[in-house]
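Presented below is the structure to which this report refers.
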Amino acid sequence: MTIMKSLKMTAAAVALSAGAAQAADVEVLHWWTSGGEAAALNVLKQDLEGQGVGWTDMPVAGGGGEQAMTVLRARVTAGNAPTAVQGLGFDILDWANQGALADLNAVAAQEGWDEVVPDALKAFAKVDGKWVSAPVNVHSTNWVWANKAVLDANGIGVPGTWEEFTAALETLKAAGVTPIAHGGQAWQDATVFDAVAMSVLGPDGYKAAFVDLDEDTLGSDAMKEAFDRMAVIRANVDDNFSGRDWNLATAMVINGEAGFQMMGDWAKGEFLNANKVPGEDFLCFRFPGTQDQVTFNADQFMMFDQGGSVSDEQAKLASAILSPSFQSAFNVVKGSVPARTDVSDADFDACGKQGMKDLAAAAASGNLFGSMAHGHAAPASVKNAVYDVVTAHFNGEYDSETAVQELVDAVSIAK
Amino acid sequence: MGFLDIDNTTKAYGSVQVLHNVDISVEEGEFLVLVGPSGCGKSTLLNMIAGLEEITSGEIRIKGDVMNGVHPSKRNIAMVFQSYALYPNMTVGKNITFGLEMHGVPKPERDKAMQEVATLLQIEQLLDRKPGQLSGGQRQRVAMGRALVRNPDVFLFDEPLSNLDAKLRVDMRTEIKKLHQKLGTTIVYVTHDQIEAMTLSTRIAVMNGGYVQQLGTPQEIYDSPANIFVATFMGSPAMNVIPAIVRLQSGVPQAEITRHDGSLAHLPFSQANLAAWDGREILLGIRPETITDTDGADRKSANIAPLNNRIVVTEPAGSDTFVSMSLGGKDVIARMRSDAEVRPGQDFDFMVNMEKAVAFDPETEARILP
Amino acid sequence: MARTADADFKTRLQNWIPKLVLSPTIAMMAVFVYGFILFSVYLSFTDSRLLPSFGWVGFENYSKLWRLSHWEVSLTNMGIFAALYILICTAIGLTLAIFLDQKIRGEGFLRPIYLYPMALSFIVTGTAWKWFLDPGIGLENIMQSWGWVNFSFDWIKNRDYAIYTIVLAAVWQTSGFVMAMFLAGLRGIDNEILKAAQMDGASNWNLYRRIIIPQLRPAFLSAFVILSHLAIKTFDLVIAMTGGGPGRATELPATFMYSYTFTRNQMGIGAASATIMLMTIAAIMIPYLYSELREKK
Amino acid sequence: MSAATQDTAIRTGRVTRTLIYLVLILFALFYMLPLYVMLVNSVKPLDEITGGGMMNLPQEFTIEPWLKAWSTAQIGVDPTGLAPYFWNSIKMVVPAVIISTVLGALNGYVLTKWRFKYDTIIFGLMLFACFIPFQIVLIPMARMLGLMGLAGTTWGLALVHIVYGIGFTTLYFRNYYAVFPTELIRAAQIDGAGFFQIFWRILLPSSGPIAVVSVIWQFTNIWNDFLFGASFAGADSQPMTVALNNLVQSSTGVKEYNVHFAGAILAAMPTLLVYIVAGRYFVRGLMAGSVKG
């Protein structure tokens, strides 16, 4: 054991006053707890164990990471932060601003992350020029999933515009098929709203409204149009949508009960699990009017400061996460695409290949945006304020006019 | 200095004083009964002797040692409770020896003491039972056994007989008395039953409203009650208290009382000092058994006064017949032999033993001393 | 002039032991309950967001709180929920207890069935309830497949009725427990009083209404305390069944507070809502505790 | 207590009795409903569930989901099933229940038999503490646990449960001991028994019924707790509920409902057993004190 290493270990041990994790272990707090995603993470664990770094697993599922974030807050407050924590968008920035995250610049420079990770993603992984977290994947959220047999039976092609889309909905409705499968939970409503708003407002308007939180854009007529379109979608959802889990909605598409579902790329796993083949049994395409854009959310692992400098284990973990082999292996299972643009798409299926191509193109053309619905456009308070309005409007609590006013008001309270 | 001294002791809860300057000195082997109506402070006083309640001021001494602040178990006392307070989860034997065990007495000695007490109280066959399986009388014995086994300086009894039925109560009363005579221990006994007080005690403290009203032998208490409270509380039926006016007739003070029809009767006092009360109102106290028919009058008495009055109700009670009438506007009871010929509505010639009569000051209610 | 100086060591120790025994609890309460409450109240006046911070902002969080329609919804829901929940649980609990007290054969079998829901958390039963109430797969579907085509039960999907499904599930969980409390109360009543009342010619109805139920007052009070405490703490139930939806129609103060403190990173507003909740609880509980404890003295 | 066997003085007619039985059975069905849903779906293959018939009896019976939930389901990165977490829960619940019950008993004993000035106020404060919403204590509690060096440990978690359960246990024991004859305590004092000897030898042997109530209440609450378990447990001390949550709440994974239901029943098994086994003593215990409120 070198002197340097033992010094680092001492520092780490001092920082971990409660000493839950061994100095040579990484303790990883995450919410990938079941089925394929947990198995995929196991790849990472074994990789690290091969390098002599132990893995202490700290899974806390629930609410898309909300529960894990609560736990993280308790852990940090107790002075017992885990080594690495799965994080999303603004949560990472918030923790970085608290000064709680370690500086990964050394390993980033060594491995050349700056060149291969898209800028839009770096906005959430680098704070003040410091790498603080290691991105695992990029999910894009403006996908539409469709049952090919249902579409073919009704003579519907892939809709390219809102008008074509509404026409397709009409056709399906007339044929007695539920046009849109949807689960009435706030985050699902907001996921749809994300895509709709992007299609109406365009990339600049989307950025002005949800990233810059510009009151004029939030209160604009275009925003009202977006809410009107949400009402159209609401009219094409079955009566029983409220509270439904997203995967049950996906099952409706798989079973041919419904034509379309607007959902992130994780829905693909459900199709694959039901032995459906992309392109043959089901279709994946961008929401009409957002063909050039990609709204994304990315899972990353934040590295918590363990006493001044980044620890050896953290560096190893970060490096393993961004290794092309892990990026490919993990994302093939997860349905998302790699966080670095130089990974081979050989192992990916049709939808995956499409996703990687779209991401690279959008990143190059400046059309890659963080998803508001998934906390990559504005902080949690704003995100949830938008949820409130979108979901209330979607459930018919008020009309589009009121919704626009409520949106402006809610965002200003939350800012 | 006595064996147990209660010296100028008071008890107060906050600003409420429940015991006022109690002074009692008990000799070794005495049987002191604290008697009074509920709420008079008698149980509080007992608990203070036991150390279960703090003493607000004054001192309690046992064998000359000040007991204030001393833990109950260090006072060498034993107590028998109204509810017996037998430990429900322990056998009778364990109940009896628990106190010895707590005081570190070795097991062979404990068992020996237990056997002695069990034999004394005739409860040997109960030693392995639980209190829940015993009758009331048996529980009472066990409770006493638990007290006896400790061989304490002072026994404290807190209304130990009040949960028993009438017959058993009389039996146990006798048994307690026998035990006292046999063992000669010092006992402080609380009761609200004046018959228990009279029969058991060597001395009685009659208490009311936090004050000791009178302390004395049963005979003193009965014959010379210190005040109207003591006079009416002790004795059954209670002493008759009749409003009267003192009139001097040829130098002898007489009690002038109103009969049933409004006419006046005069009963001569034996106490010459009442002459000073000439013309003033007093309350005349006459025990029921001192009003009799002619044949029943006490022959030893030097002062029997006749009194004619109408009988209202007669109540034959086997050994005696109680006769009630109206005197001075009050219901007055006379206790006659059972063979006295009395009828309701009859105008009857009563004999009053004025030697035993007492007079009270109507303002202070205290007895006018001879 | 009590001469405590005479007291021996053991006696003095005995006087201190009770207080010593109580002191860990008192210390824990002081820090972990009342200290934390004060801390939370303090936070409600600060600009805390992700983690506690100590920039004083006065009543800003409170004014923001009352501007949120969402907060008013959760307060209204709390009113509806608590009132119905306490009322229905008490009614069902009392009815079942009285029925079960009629020398019922199989009481030993029925009682655990009534009691077991209390043993389960909503993490366990939430999904089952969700399915059962879901019109597409649950009760409505079954009834329709049995021939009642017009049968409709879609409350959980309906903004105006969803809160009542929360009441339903909550009643399911605790009414058996309330039953046990009443049953215990009934079994504690002196039978001689009942015999006397029957000789006075009281009908069964009158017997219960005039004689028995008034004697259950302590059971009613205990049930009220337990139920109101559960009502205020209702949280998992909502999360598991509706997630606060449809829309925000089933949001309760506890879920509101949690979401503002932990998922929306607006700890100040969360603390303000917690303070208001605590004040409400105090307003209800302090008079109750006062009358109860004073009576016993 | 002979209450269970004593004649009830109320007589009912045949029609009324039939009605009473009907109501009782209907309610029993109502209470059984969710358990039915969970049971039938836990023994079905997954495609039977997603295919529609969620309320139907299984067409094909399988025990597979139970085995999977217990020993092979993916909880975190390791496919351990719920089994290891079961033992974590036991290790945390048992000391927490015992300590909070003993402390509650001691508190109840002091508050009824060793009264002192302001004791009712102290009891009132303890009772009011039962009403504190747990969500507000998370952050300050985390800080305190950190300062005490208990963060992420089984003992830290047990401490939290003791702190917030003690109000209830004290309430139960206080009400029970309030009707326990004070003369017994006095007799024991005169016999020379000290504070703890009286508690241990006299009170505790008579506290069976209320101890059952206290233990059942604490066991159920602590076993079912999720919030504290998730927030204060360390990686190697996460309780059963957190594991169950991890099993059930996958946001973006495939949902195996049959395994979820089997896991849910497994997680609930100890509390179910406690209620079924100790249920009869529970009513008796409530009778003995707590409803005298």
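Read from first to last, the chains carry the letters A, B, C and D; within each, the first residue is number 1.
As a convention for this text, contacts are C-beta pairs under 8 Å (C-beta built on N, C-alpha and C of every residue); 3 or more make two chains touch, one makes a residue touch a chain.
Quantities reported herein were computed from a predicted structural model and do not represent experimental measurements.
Shared contact partners of chain B and chain C comprise D. Contact with both chain A and chain D is made by C. Of all the chains, the one whose CA centre sits at the greatest distance from that of chain D is B. Between A-C and C-D, more contacting C-beta pairs join the chains of C-D.
In this assembly, the C-alpha centroid of chain A lies 91 Å from the C-alpha centroid of chain B. Here the CA centre of chain A is 37 Å from the CA centre of chain C. Work out the mean CA point of chain C and of chain D, and you get 15 Å between them.
Computed from the mean C-alpha positions, the centre of chain B lies at a distance of 57 Å from the centre of chain D. Shared interface positions of chain A, defined as residues touching 2 or more other chains, are 63, 70, 73, 77.
Touching of two or more other chains is recorded for residues 10, 14, 51, 262 of chain C. The set of chain D residues touching two or more other chains comprises 138-139, 141, 245, 248.
Chain A makes touch with chain C in their complex at residues 63, 66, 69-70, 73, 76-77, 94-95, 98, 184-186, 238-244, 379-381, 383-385, 388, 391-392, 394-397, 406, 409, 413-414. By the touch criterion given at the top, residues 47, 50-52, 71-74, 77-79, 81-83, 85-90, 98-99, 102-103, 146, 150 of chain B touch chain D in their complex.
Those residues of chain D that touch chain A in the complex are listed here as 50, 73-79, 138-139, 141-143, 145-147, 149-153, 230-232, 234-236, 238, 242, 245-256. Across the complex, chain C is touched by residues 3-4, 6-12, 17, 20-21, 23-24, 27-28, 30-35, 37-38, 52, 54-55, 103, 106-107, 109-111, 114, 116, 120, 122-141, 144, 162-164, 166-167, 170, 178, 194-196, 220, 224-227, 241, 244-245, 248, 257, 260-261, 264-265, 267-268, 271-272, 274-276, 279-280, 282-284, 286-287, 290-293 of chain D.
Looking at the complex, you find that chain C touches chain A at residues 49-51, 64, 67-70, 130, 134-136, 154, 156-157, 159, 241-249, 259, 262-266.
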